[in-house]
Structures are given as C-alpha cells and as structure tokens.
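Okay, so here's the structure we're looking at.
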Amino acid sequence: MTDSPVPPLRELLAGLPSNWGKWGDNDEVGSLNYLDATQVLAGVGSVRQGKVFTLQTPVGHPHGDPVWPGRRGMERYMVVDEASWLNDDQETPPGGMHWADDMISGYLQGTTQFDALGHVWYDGQIYNGKPAVSTVGGLRFASVAPIAKRGVVGRAVIVDVARHRGRPYLERGETFGLVDVLEAAEAQGVEIRPRDILVVRTGWLESWYNTEAADFYRDFREPGLTFSTELVEWFHRMEIPCLVTDTMGNETTIDPKSGVQLPLHNALMRNLGVAFCEACDLSELAADCDADGQREFLFAAAPLHIREAAGSPVNPVVVK
Amino acid sequence: MTDSPVPPLRELLAGLPSNWGKWGDNDEVGSLNYLDATQVLAGVGSVRQGKVFTLQTPVGHPHGDPVWPGRRGMERYMVVDEASWLNDDQETPPGGMHWADDMISGYLQGTTQFDALGHVWYDGQIYNGKPAVSTVGGLRFASVAPIAKRGVVGRAVIVDVARHRGRPYLERGETFGLVDVLEAAEAQGVEIRPRDILVVRTGWLESWYNTEAADFYRDFREPGLTFSTELVEWFHRMEIPCLVTDTMGNETTIDPKSGVQLPLHNALMRNLGVAFCEACDLSELAADCDADGQREFLFAAAPLHIREAAGSPVNPVVVK
Amino acid sequence: MTDSPVPPLRELLAGLPSNWGKWGDNDEVGSLNYLDATQVLAGVGSVRQGKVFTLQTPVGHPHGDPVWPGRRGMERYMVVDEASWLNDDQETPPGGMHWADDMISGYLQGTTQFDALGHVWYDGQIYNGKPAVSTVGGLRFASVAPIAKRGVVGRAVIVDVARHRGRPYLERGETFGLVDVLEAAEAQGVEIRPRDILVVRTGWLESWYNTEAADFYRDFREPGLTFSTELVEWFHRMEIPCLVTDTMGNETTIDPKSGVQLPLHNALMRNLGVAFCEACDLSELAADCDADGQREFLFAAAPLHIREAAGSPVNPVVVK
Amino acid sequence: MTDSPVPPLRELLAGLPSNWGKWGDNDEVGSLNYLDATQVLAGVGSVRQGKVFTLQTPVGHPHGDPVWPGRRGMERYMVVDEASWLNDDQETPPGGMHWADDMISGYLQGTTQFDALGHVWYDGQIYNGKPAVSTVGGLRFASVAPIAKRGVVGRAVIVDVARHRGRPYLERGETFGLVDVLEAAEAQGVEIRPRDILVVRTGWLESWYNTEAADFYRDFREPGLTFSTELVEWFHRMEIPCLVTDTMGNETTIDPKSGVQLPLHNALMRNLGVAFCEACDLSELAADCDADGQREFLFAAAPLHIREAAGSPVNPVVVK
C-alpha cells in the first residue's frame, strides 16, 4: 500500500460510469434490468445435462459459520420436537400428529446473500441518487425486496481463479484484476458474453473449514477482485448484471493501491447497479465444471423477499 | 364432521402406500428422488417465453404477515443505517463508505417455506422409519438440509381451483379432492404428467390482505385438499415429487370426514416422502397463466440450507 | 368521551408543572432524585417483619404473557440441555460436568419493566428538553441506563383500588382519579408521605389469567388512573418519585374526558420525570397487606442496565 | 496441574456434604432457605447510611460485553423511535404522543445473572436428585423461577481479594482458597457470619474494559476461588446461602490441582444448593467500602422471573 493519504471514494471513482437514471428515477434493480427474456432464454439454452447445483454456504456448522467481522452467524432454536410431548408441553391434535418447529435469528447477511443496491453508499447518496437518510430504520428505496420480487435468472459463466493459479484457495489479501479474470477465462475455455452473470471462484470460504476461526479473522483481509478503472469500465461495457463469488465481500477487503475499503461495492453496486451475490459455496460446481468442461449454465436465484431489507439470504440454483 | 371418535392416523392411513426404504435406509429427500436429470430437462424444455415469477409471500407487511396459529411472523431489525453516522455510532472505513445492515428473527416456517420430511410424524417414527426422538434439539435425520442441498428443479404445472370455481379465493374450510383437481386441470387444459411438481391455487393467502387479522384467525381452518385413499394412491402412482400451494398447510386444516388434523402431511410427506412447499403467493403466476394459457413451466427452488432444521424459507423461481 | 376534537398534548398539559432543568440540564433520572439517603433510610425503617415479596409478572406462561398490543411476549429458547449429550452435540469438559443454557428474545417492555424517562414524548422534545431525534437508533439521553445505575430504593405504600371497590379487579376502561386514590388510602389506613413510591393495585393483569387472550385484547382499554390537573399537581407537590402499578400502562389507555392517549405518561414522566414501573404482579403483596395491615414497606428495584434502552425488565423486591 | 488423569466429579466430591432432601424432595431453592425473616432483618439492620449501589455489568458496551466463551452478548434492537414518524412508519395516537420501543436477544447468562440450581450437574442428577433429562427443552425442576419468586434478601459482606493482594485485578487463572478468603476478611475487618451472603471481588471483569477482547479470551481461564474439601465444608457449616462475585464463573475455570472444570458449581450449587450470582460489577461498591470501612450491607436482588430458565439476568441492589 502506498504512503499517500487514502482518497475519498468520490475522488477515486471520479469520471467512472454510472447508471443512475438509466432505467428511470424509481428503478431499484439496476443492471438486473439487463436480464430480460432474451437473457432468460439464453440461460435456459445453456442447459445440456440436467445437472443441478445449489450454492449456499450451509448455516449451522458445529464450529460456527464464516461471517463478516462484526456480524454473527445465524442461530437456530428448537421450539417444538418429540421432547415436547415427552414433557407434556404440547397437546396432541386429533389423529395424533406430532411435529417439529424451529426459529432463526441472525444477520440477513450472515450466510450466502444478495446485497440490496442500497446496501452501501458514499457522499450521502445511495443507488440512483436517493438520499442516504432514506435508509434509516429500513431501506425505503433500493432494498432487497425488488430484487427478490423479480428474481435473478440468466446465463452464467464461472471463472476459477484459484484453479488457474494452481491452488486450492487464494491467500489472505491476494488480489486479481480484469486481466487475470480474462486470462483465466481464456485458459479455461470460457466465453464471457455481454449480460452474462459472472461467477468467480477464489476458494476462500472453503478455507474456513480448514482453519482455526481465530486465524481466519486475525488480520482479516479477503482475497478477491481489486479495483481498476478498466475493470469498472469493462463491467459497464459488458453490461454485467450480477457478480457471484465465494468470498463475503466479492472483492478484496482493502484495495492495496488506494487503501480504500470495498471500492467495487461503490463503483459497481452503488453507481452501476450491479447485483452482488456473496459468500457462495462454489466447490462442487467448480469441480464438476472442471470434470465435464461445461462452464456456462442457467443461474436461477431469488433472495428472501423481505420488505426494506439491506440484504437477504439465498440458496442459488444452477442448472447445467 | 361425523360424530364418531376421531381415528388415530395409524388407523386412517392403514394399507396406504409408503416409500420407506425405497431409496435406501439413509434417504432423506424421498420423492424428490424422482426429479432426476430427465425431469430437470423436462422442466427446462417447458420454458418458451423467458418470463420469470417468484413465489414467496413477502415478509414485513406493515399489518403483519400471515402465519400458522402459534407461530409469529419474521421480525427485521435495523442495526446499521445512515443514522449510525449521524449518531457517531460507527467509524467510517478508509475511503468513506457507509452501509446498512439488518437482522432477522422468526419461525423458519414463518413465510413461504419447504417442510423437512421429518417435520411431522405419528407413532414415534418419522420419514423412512427413523425414531421420533431423533428430532430432539434438531432433526438429525430428514431435516430440510438435504432438500436444500439437492434443490427442487423440474417440470411443474398449476391447477387453479379458485378460478375453476369462479371465485377469487376459497372460503374458510372449503375443501376439494382428487376429482376436483383433475376436473380443474382438464378444464384449464393442463396435462399433469408423472413426476410433475404440482402447484395448486386456492387464493387463500391473498385473502389475508383483505381481511382483518383477527377475522382470519378466528375459527382458523384453511381451505385445501382433503384426504382420500384415492388421492394418496394417485400421488404414489403419479410419483409426484412435490406439492406447492398458497395455503400455510397445503391441505385443509381438519379433514372434515375423519376429524383428523393434517392427514396429508402424514400420508404424503411422512409416508411417501412428498416435499411440501407452502404459503406461496401464486396470484401473479396464476393471472399470467390465465392470460397466455401456458400452465406448465420450469420450477427452480432451494430452501435455505440450515443444518438440522425442520423447515426453511424459500423464494421459489418459476420460468415460463 | 366528548364529541369535541381531541386536543394535542401541548394544549391539554398547558400550564402544568415541569421539572425540566431542576436537577441540571444533563439530569436523566428526574424525580428519582428525591430518593436520597433520607428516603432510603425511611424505606429501610419501614421494615418490621422480614417478609419479602417480588413483583414481576412471570415470563413464559404456557398460554402466553400479557403484553401491550403490537408487542410480543418474551421467547425463551433452549440451546444446551441433557439432550445435547444424548445427541453428541456437546463435548464433556474435564470432570464430566453437563449443563443447561438458554436464550431470550423479546420486547424490553414485554414483562414488568421500568420505562426510561425518554420512552414517550410530544412536540419533538423528550424529558429535560432534549430533542426527540436523540432517540433514533437508541436513547442517547434519558435511556433506562441511568435509572438502572442508581436503582430505585425508598419507602413505598400500596393503595388497593380494586379492594376498595370491593372487586377482584377493575373492568376494562374503568378509571379512578386523585380523590379515589386518597379515599382508598384513607379507608385502608395508608398515609402517603411526600417522596413515597406509590404502588396502586387494580387487579387488571390478574384478570389475564382468567380471560381468553382474544377477549383481553378486543377493544383493548386498560383500567387505571386518569388525567386531571389536580392529579398532576399533587404528584408535583408530593414529589412522588415513582409510580408502580399492575397495568401495562400505569394509567387508563385513553383519557375518557379528552380522548387523549396516555396523557399521564407525558404529564408525569416526560414533564415531571416520575419513573414508571409497569405491569407488576401485586396479588400476593396486596393480600398480605390486607392480612397484616402493614401497607408501607421498603421498595428495592433496579431494572436491567442496558445502554440506550427505552425501558428494561425488572423484578422489584419489597421488604416488609 | 498434575499429570494424573482428571478424576470424575463423582470421585472428586465423594464424601462431601449434600443438602439434597434437607428442605423436602420438592425444594428448588436450596441454601436460599437459610434466608429467613431473621436474616432479612439482619440485612436491613446492617444499613446505616442510606447509600445504594447496583451491581450489574452494563449491557451494550460499544466494543462488546464480556461473556463466557461460546455464548454471545445481548443485542438490543430499536423498533420504534422518532425516525418512525419521520418515515411515516407509525400512526400518531390521539393527542400526538410519540414513543421509543426496543427489543433484546441474547443468552440469559449473557450479563450479570443468577444460575438456576439445575444449571449444572453430573452423573445424570441435578440438585435434589432429580433426573438430568428433566432439563430437556426447559428446566422442569430447579429452574431460576423459584429463586426469582422468593428473591434473595439478606445480610451480605464483601471480601476484596484483589485489594488484599495489592493489585487492581487478579491475573488470568490466579486462584485463592478458603484460607485466603479468611485472611483477606480479617485484614479488612470483615466478620463473616453464618448465613451471610458472601461477595468476593477479584477485579477480573474490570480488566475486560482495559483489554483487547481477543486477548481476554485467548487461553481463557478466569481467576477465582478454587476447590478444596475444607472450602466446601466451610460453606456447608456456615450455611452460606449465596455466592456473589465479579467473574463469570464464580470460581477459577479449571481447578489446577485436579484438572476438573468448575468443581465448585457442582460441590456448592448442585450438591449444597448454594445460589450463584455471577459477573457482578463490584468496582464502585468495593471502592466505597474501602473509603468508609463499612463492608456489610443489605443485599436485595431478584433475577428475572422466567419459567423453566437455566439462569436469568439480575441487577442486584446493595444498601449500606
């Protein structure tokens, strides 16, 4: 990292493209607008084998689930089970049925999730120019609800940066940029087409299960994509609707050049309206793509539909 | 309802088919096994227009969300928003980004959800013959996790019983059986094929938004499918993998003939391993199917992947 | 209720006394300042028998706990118990100890509780004149924390209005005023001294356990004290530090004369800084006072100490 | 620590006294039975100055609250505040009142709390010989509810071990035994009488606020009392009803001699029925006692009354 002072996002992103207003002042789903019927049919058309994969990192690992520092994992509470009748805590309905019931508590971004376009911002304005105070108590604009309502369905491709570098997972803070993605895609025979959903694998969350949690969080700095003007312009030109990765942040935590935290959240999500699907488990999908060479597929996901939420969990479905 | 004593489920369901052991003693997904690559491709093959629908009943209606009596709706809590900086509660990271973050608490079956196959039982045994005590503290067998892991993807058809009866929604406790479903399907030009995911509309949950909550719950008795041996045998013979409806219980609350509560949960889910996807919002999908006459489609859904859970939320995706 | 338009609180309370500034601009505990060492010793001096009573309405009644409409009761979740070892979910520490552990979720005012002085307001100002926006995200002024820190200890007296009216509990919406309280006190031989903590019994919450919940909430209108200028001036003149009752609101829900909701919260709590301890179970204490005739005692309570909270639970201790 | 194998609690505690059955088979409050009217009056009689202290460690420190490893601190959620009206999320009741409302979620033992007598056990039996399976789903025997109902009121004395050792707080894992407590008491002029509530200060939790959280938990081992047969017999002989400390465990985490975890929980709580009040903030009380030399006082506390709970929060009140 340079010794220069860290520039404000306004300065770092000056002159870069924005989609504010492109789909009207009331648009809340941004680049997902690119996923029209043509793209849906393109996704469906990429299915050849009838294979299904789900991408959510499971909730409830006995040693805890990986979450962004400051959040906590989801907690599941049992409220009815067979013990309820052993203890005379439940009446038995006519016919004699018993049942189990449980509850959940946790961060809406405490597992694989879609960010709302209004999840991050700078300079007092969220996506599409709405004031940041519209987030107080709940996102009255650009919450995750409109994304949940429309769903995210289209043609997707996977680029496996970890495999391209010959390693099971990237290291803490390891970065890659546009050129690396394009080289990996080419080496893996992937054609990234305009309006494709882009899935990028780093292996990072897989490392969670092989690491002492304390070690995972010490000097927390995820590997991932790192900011460049070329990268942002490429997303804009390619009209990428959605970025899907297996890190919690979808980009390296701190841009090593500028020292800015999460610049791509701001350049891509706040300014271009690119939807972020984070913290996926790509291990089985990636292994299968390696085995059969089919790296394009139908991506079909809809996060939980929660009014005014800043994000919400999702278990994306992939069909090859 | 008859004056006879209510029979135990064991007696009501005696002689009816069971799939226990059919896919091995350790199988936890039951009739979803029918959704093989052939069925996935059949689902994909039914897509013609590139239209997308999502089926979750939204969480967070200002007047509360409909839930099964005894449960409560999901609560969303704001924990970070623009006020956090107005109040000096959050430090600003390098570059100046702000963000919003929120949490959720509620019943895993407090919105549109998949039941685990182990969600209900009688006679001390859950699906596939495992002991009911295996549910204590968490479902160590037949939780929703294996369903979440495999996903539910296939060809689906919708049968709109409410429209067939010429009404916006069925009344409290109104029932229908196999013959009604088949008649409605025929009248609507729907061919139900073996291994189809069956979507049935009653309009019931749409009535929630037009009803005082107190009235909705008074003498709570959902309309829906009602038990008959013919119905159970038809599900078995047709190898229906999954039942999807717009009621919380997917069947009428109390079978008016026997007086038994939720017999189909036991006949279909516990014994046959049919997956239940409940509390969907079918209003827009049904209206569109009415308009364009295409009543078969790709159904792609994966509930949240939560270890040992008795059920979990889902926002199913439909592609026509 | 009159047919006149409902006056704003500003107008209803015009000209009534205020304690803003009396203990400095930064005071957050208001009339609890009257509970100085002299009052503490007066409370201690009222103890004669060594009898102890606790006043919290228990949490966890199988049929639910009484709460203010729009709130929900507290939920307890078991997270570790003997089943955790039966299920191999917990490791056993050296020596072989097992344990039980549980969690809670609910409204901070979902059981017997102290209100923060900043819990209610009108005209954009809370107690001591601080701006209402200081409540956003948490009470940065006049939260319950300063009350929790100092505790509420002093001489208290009980006035049993229900018994005075010869009934087990007052009816829905039944009211009483200053004259009624003073008459009941006199009839019961209670001397209310300046700076006494005033405990008033209506029996209302006891009726919860004899009532169908639906009936309790239909046309919800608690009985209780009702507003008059004389009452407010009496609290001011008597320097009453704290009002303790067995209703959720400590006053009738709607003042029948003016139509205003909860005027005493504003006249007494917001303007005078009187602490409100609500939803107590006074049944055993009242019966004992009736039996032995000792109606003054030491009151010792400290709500949970929670930073920025608008209220918090308490299990008050009474010693006679 | 010795190299010998760690003995089971059964063996370590063999031959030590038990109070099972002493107050009947259905007794759930154990040694708190010693706190009869005589003891209550003794407590009241120790009040001389009218000073009040509260002992709860506050909830909601911006950097997190200290909790036992594996638990999490309590979370407060704002649900109504002035922003609710700025955002048109709340209707205004007649008269124009606004209000603030918030919720809590967390471990019942996530702040200062009383343990239920059934909180820990070994050999399949909890306090008073009841079976450990009675804890499943909730403590049907010896929960915290009976302690909450009776309250804990009596004469208490404080012994300040940290000050006696001339240090602000004891070190990680530092231990002391009966002799140390008696020496410190004598040096500080404290007379420990039979049936006194015993308050012991280590300073440990005060160190939390001066320590990086990661450092606090690394090699987590609280300082505190450590097991000896003499200590257990002394508690029995002295009929100590309640032990109050400023550590989360009220004893050192691992007995260095035997290697057993939390033997005093079992010897004192499970076997003798001594109530444990843990994680108190004794800093101000201790400083005051040092200043004025009055080290005995009235202790008045009642944990939250929660049905079947394994423990519950409390903000104890001390009056000197």
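Going in written order, the chains are labelled A, B, C and D, and every chain counts its residues from 1.
Everything below uses one rule, namely that a contact is a pair of C-beta atoms (placed from the backbone, for glycine too) under 8 Å apart; a residue touches a chain by one contact, two chains touch by 3 or more.
A quick note: this is a predicted structure, and the numbers were derived from the prediction, not measured.
Looking at the partners of chain C and chain D together, the chains they share are A, B.
Shared numbers divided by all numbers used gives the overlap of an interface; between chain A and chain D this overlap exceeds half, so the copies present the same residues. Note on chain placement: the centre of chain A and the centre of chain C lie 47 Å apart, centres being C-alpha means. Measuring from the averaged C-alpha position of chain B to that of chain C gives a distance of 44 Å.
Across the assembly, chain D contributes 78-79, 81, 83, 89, 103, 105, 136-138 as residues in contact with two or more other chains.
Listed in rising order, the residues of chain D touching chain C in the complex are 6-10, 12, 36-41, 44, 47, 49-54, 56-61, 71, 74, 76, 78-79, 81-83, 93-109, 111, 116, 118-124, 132-139, 145, 148-151, 153, 254, 258-263, 265-266, 298, 300-317, 319.
The touching residues of chain C, when paired with chain A in their complex, are 62, 75, 77-79, 83, 89, 103, 105, 136. Chain B contributes residues 72, 78, 81, 83-84, 86-87, 89, 105, 136-138, 140, 214, 218 to its touches with chain C in the complex.
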